[in-house]
Amino acid sequence: MNAIKDSVHDWIPLDPVATALLDTPPVQRLRHIKQLSTVRLVYPSASHTRFEHALGVYHLAREALTHLDIDGERARHVRAAALLHDVGHGPYGHQTEDIISRRTGRDHDEIGALLRETDLDTVLEAHDLDPGRIADLVAGEGELGQLVSGELDVDRMDYLVRDAHHTGVPYGTIDHGRLLRALRYRDGSLVLAPGNVQTAESLLLARALMDGTVYRHHVSRIAGAMLERACERLLDDGLDVETFARMADHDLLVELRERVPDLGSRIERRNLYKRAVWAGLEDVPDGIAEMTRKDERRAAREIAEEAGLDRDSVVVDIPSRPALKESRTRVIVDEGVERLETASELVGALRRARRAQWRLGVYCPEAAIDEVEPAAKVVLGLA
Amino acid sequence: MNAIKDSVHDWIPLDPVATALLDTPPVQRLRHIKQLSTVRLVYPSASHTRFEHALGVYHLAREALTHLDIDGERARHVRAAALLHDVGHGPYGHQTEDIISRRTGRDHDEIGALLRETDLDTVLEAHDLDPGRIADLVAGEGELGQLVSGELDVDRMDYLVRDAHHTGVPYGTIDHGRLLRALRYRDGSLVLAPGNVQTAESLLLARALMDGTVYRHHVSRIAGAMLERACERLLDDGLDVETFARMADHDLLVELRERVPDLGSRIERRNLYKRAVWAGLEDVPDGIAEMTRKDERRAAREIAEEAGLDRDSVVVDIPSRPALKESRTRVIVDEGVERLETASELVGALRRARRAQWRLGVYCPEAAIDEVEPAAKVVLGLA
Amino acid sequence: MNAIKDSVHDWIPLDPVATALLDTPPVQRLRHIKQLSTVRLVYPSASHTRFEHALGVYHLAREALTHLDIDGERARHVRAAALLHDVGHGPYGHQTEDIISRRTGRDHDEIGALLRETDLDTVLEAHDLDPGRIADLVAGEGELGQLVSGELDVDRMDYLVRDAHHTGVPYGTIDHGRLLRALRYRDGSLVLAPGNVQTAESLLLARALMDGTVYRHHVSRIAGAMLERACERLLDDGLDVETFARMADHDLLVELRERVPDLGSRIERRNLYKRAVWAGLEDVPDGIAEMTRKDERRAAREIAEEAGLDRDSVVVDIPSRPALKESRTRVIVDEGVERLETASELVGALRRARRAQWRLGVYCPEAAIDEVEPAAKVVLGLA
Amino acid sequence: MNAIKDSVHDWIPLDPVATALLDTPPVQRLRHIKQLSTVRLVYPSASHTRFEHALGVYHLAREALTHLDIDGERARHVRAAALLHDVGHGPYGHQTEDIISRRTGRDHDEIGALLRETDLDTVLEAHDLDPGRIADLVAGEGELGQLVSGELDVDRMDYLVRDAHHTGVPYGTIDHGRLLRALRYRDGSLVLAPGNVQTAESLLLARALMDGTVYRHHVSRIAGAMLERACERLLDDGLDVETFARMADHDLLVELRERVPDLGSRIERRNLYKRAVWAGLEDVPDGIAEMTRKDERRAAREIAEEAGLDRDSVVVDIPSRPALKESRTRVIVDEGVERLETASELVGALRRARRAQWRLGVYCPEAAIDEVEPAAKVVLGLA
């Protein structure tokens, strides 16, 4: 059996399906999509790609299946789905997710059409795998789909340790060996064996600490918001969304520099906007936190007008409320199955903590802060 | 300057005082005292010693002082205190702390007398250091004492990462570089710079997860309780407590095997008692959780009698309520200084979580469980 | 002082010059140049960049200077040079070094002109640094230049550990702390203190093992040779070499795909040529190993003709003889200074070992191997 | 299946035999025998034990067997032998190996009698394992014995990475995953698959660098030689060698302090002798390097007399010529099987390098160096 060297899981053995899938263009494309988009502007070592993450998820899926004693064609479908789970991502991964979803009505984990268009279905069928089942697994459907996409999925277990390894921030180094060993199926649900409330908490806490320190670092958020704005411009200027969705990071970076030169060059050279406003929930009127991307752009335009600036000089960034998906992890407690949010005191507190960390940002060139700050307060009705 | 290789902090440079102190018998003795006493019966790689921990604390103290811009003789006192902070420990460290303190009235961080008796004072004075100030620093007194022993001390920062490294349990891998960089003095108190509520939380969470998984693992607790019982026997049989307090692990292990053969051999060979009772706070009558060690022993004796067993065949283990000392960490928030318990939603939840994890244990040889369980319920009035 | 998180050296403190230099376009460009060009096609985690490497070299330079007790403006010049030592690299770093050097007559470590053209000189002068001295240091000139570029430079110390960390191949994990502590100046030469022959050997061996396993892995060599060929085409088709030299990886990848579509797409999708010939020195006629790049291209063209193929379908790859620069490391032995090649038995053996590992490669599409192999043997006169 | 957490290999799953064997006194005793005896006096983090090493070897044996596609009762015997391979060690492991072997005529890997005397045979038979076959495997006999004890054994693969992890010296971090994947059987011999000359070299080099830096560090050698001398005294004074051989480290440390007080206390407190003589092969008359331990002791006595000192005040330490066992590793090269010493240029050079590193030591209390040095030169006929 082939094996590939990974800096996180060491040698990853590859079954024949994996070997065949790795050689296809849609999987090779993941070499050119960074796992953490703009985070590397804060943590320079974080240049890792969705390609190595896909290998890691594939590896943990195999280990999970072994511990759960699942083999045969069910296991082969899950492993292939694990390897393919991110092929639906656009350039810069999560950063362009909303844009693509709004314009195509398709989420990144809906890969049925993609499998057909890219001939991945042929490769799968040549190995007696059903493309439809693979697409369902990637979408998290069915009993086994929970392993690929769910509160206890191997995706999460890989990215936490991998992002910790590559950023150098240790908070994400969970004990995935312990988690994998504790996985059980109970009435069709993936749960953790008795005695693992703290194991589940450790996953939740690792995610929460990585969120605050890495994933939602304000510099990365500024760069990300600028990137989204620039992408919207690109699409408004006529770039086909399907072409956009199939780009890789390097394509987008060149395209932005050429077609949206100001924002594009700024992103390329890390010449970023600064914060004119950084406001917590208590300073924000009702409804603001629920604004759509479209509302954000309109607000940005109004602020720019009010401040007498070019419309791209202001970016409004309103993050979604944190979902804390891990809080729905199921754990066996005293013979019954409980959601972590019931079994653990920490979930409620973490929810409140994250609410307290929520920040609305308004960003602009450093020289324009004095104009943008008051304009933003007026337009957004901030305290 | 000399340097010594450490598996956690890599090369640790040694100033002349440190070089001189390392060669003294009280510091060399720390080579023979394991950092985690009975934990290595659960995590076999955890054989590390208080000697390497002392070096690590010395190293982090120097880094903290540099970041705080403290040098000269104040810094030299703090560094020496860091290196010496654990010389007052008895064999098996924390495990014999209560026994020694009850019989001598002296805590392990009261090292004034020890410095004199072991001629450490001469070494210190030869380097123009004041033994009295060193003793005060080790006891956590004064502004600088907080660095050596306090909520934000370098002791904690070293043991969390070191115990994680040696057990293999990743939960303790805090970002000590971030903590050290965030240290400030404000009105004589050691605090964290603005923007570090989550940094403080990460320390608290690392400690909480290590507590549940490592420090309070039930197998380590059983071995620890057996060890304490055996030590009490040794002292009751006439061993002088001062001699006992100056022993190292190997001395105690041999002494126990020879003078308390049953328990001694069991500890040496990891032939441990098992849990006859493992009860949470809700199953325990009022007052039980506050029982003293003396009460514990009397209860164990009564249970043994009730079960028709030899008195050493039953061990009762009632842990103290978790102190959560880290919750008193001070952080600068909006120009003011707040305790973490005020600034963070997590502290209250962690307190409740740890309350829910609290367990009273009654242990005995496996063959005696059927007799001991009902006897214990009667004697302790358990539900 | 600012600090930046690195996955290899943890927190790297930044002096004001470094902070200013990091924000300039030529240094930000290094974020877009991978450290190991095509190696990541073999080791998928190796996506790290020259930007993080530059930070690492800067960090080790500061540590080396501290150990050597060098401070003031001399130290400030060395640190700035360390940070800038790679700004002269073209896209894909070492892979395009020869091409650029042949067409411009300028090596990547000649950065004098670059400093002026990019206004880096202004930034340097604003911090009282002399751009000319910086350029000399980067070129390895003078006593201090040896720290930046020489047999014992901090460049090497950083890339070995960093490449090990990111590929997952442990061979490069040298003990840089030991090396830095052993650095001395003796009669203007950078040497290792007495007792360090083995320390010097460890560096040499780490490099040799990484060469065989990572840097000269045959798959990376194939991709690299294809890339070089494609770049030559680009330049032959009229792209200005100065424009080419200032590109970053993403620019080149897009440019190649658009202007040299076959090779460009193959590189992007890792659809690589295979080995038609893989011959050791004993199978190669005299003179072949000394062929220039121009000779290589002519031979490839002849082989393609002979095999009846398009000229870009054959790539000839003749590596230079391994230089083993580390063998010239100076070590103090018995009061005198010796070159490692004199002091160590291993150097000669390593030279012979590397000679034995030398391979000439002829690559082509998999389907053409049967035609290319005999044609290559004829044209190159192979055994 | 049970699993145990290891700081090197993470979770190690335990089969029922392993679980049963771990609970026996001879295996539990390994918790009290340090892997690197006196090395921890130089590298303070190196307190790891033969117990965790035994688990590691067991783990790698299982992985090797899987890669070699060996299962069933053959595999079960090998795994049990791997776990038990070190139970024959005396206190302080290799340090007392010669003493025990000279007085009992039994090497540490002859465990047949031990299995019977300690009832390990009963445990083995209860799991349908043949104690005789286990003993043969531990002695390296037969095809499968090479996996447990041979040039390519899993013992070596574990201790190199484990000792690197615990000392902090990176030289031992081999790529055991690569080695395990390359194992093959060819005509009854364990060999490495084609293309692995460098893999074999990396093992040899890791061992050579660890030897110089760790295993044969002069301070560890001094402490080791003092320990051997003290043990000889203990046995001469009437301690039964079988009792001695079954001691653990803590037993020996207490026994030495009580019965050989001067040397015993010095070892316990790291109050070590210093080097009076440190001579290379070129300064030593013929025959000296071949002296037996008995010769060593006689020479030490003569030197002490000549210098007018107590006989225990001088210790002579003449290391054996380095065996370089790894040089006999077999690798498949061009379809045939070659020994590494034939296939690799490095072996000869390493042999010469190690010959150049060989040192004879004469040690004594620091105050006696001026008397001992000339006396030693006279007695040993040194240049």
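A, B, C and D are the chain letters, set down in written order, and residue numbers restart from 1 in every chain.
Here is the rule we use: a residue touches a chain if its C-beta (ideal position, glycine included) is under 8 Å from a C-beta of that chain, and two chains touch if they have at least 3 such contacts.
Only a predicted model underlies this, so the values are computations on that prediction, with no experimental measurement involved.
Student: Between C-D and A-C, name the chain pair that shares the greater number of C-beta pairs in contact.
Tutor: Contact tally favours A-C.
Student: Measuring between Cα centroids, what's the chain most distant from chain D?
Tutor: The most distant chain relative to chain D turns out to be A.
Student: Give, as an integer number of Å, the spacing between the C-alpha centres of chain D and chain C.
Tutor: 40
Student: Which whole number of Å gives the spacing of the CA centres of chain A and chain D?
Tutor: Between these chains, centre-to-centre, one finds 49 Å.
Student: Could you tell me the distance, in whole angstrom, between the mean C-alpha positions of chain A and chain C?
Tutor: 34
Student: Please set out, as single numbers or ranges, the residues of chain C touching at least two other chains.
Tutor: 10, 169
Student: Name, in rising order, each residue of chain D that touches chain B in their complex.
Tutor: Touch list, chain D to chain B: 4-8, 10, 23, 25, 28-29, 31-32, 34, 40-41, 43-49, 51-52, 55, 165-169, 249-251, 253-254, 268-271.
Student: Write out the stretch or stretches of chain C touching chain B in their complex.
Tutor: 3, 10-11, 177-178, 181
Student: What does chain A use to touch chain B in their complex?
Tutor: Of all residues in chain A, those touching chain B are 169-171, 173-175, 198, 201-202, 205, 209, 212-213, 344-346, 348-350, 352-353, 356-357.
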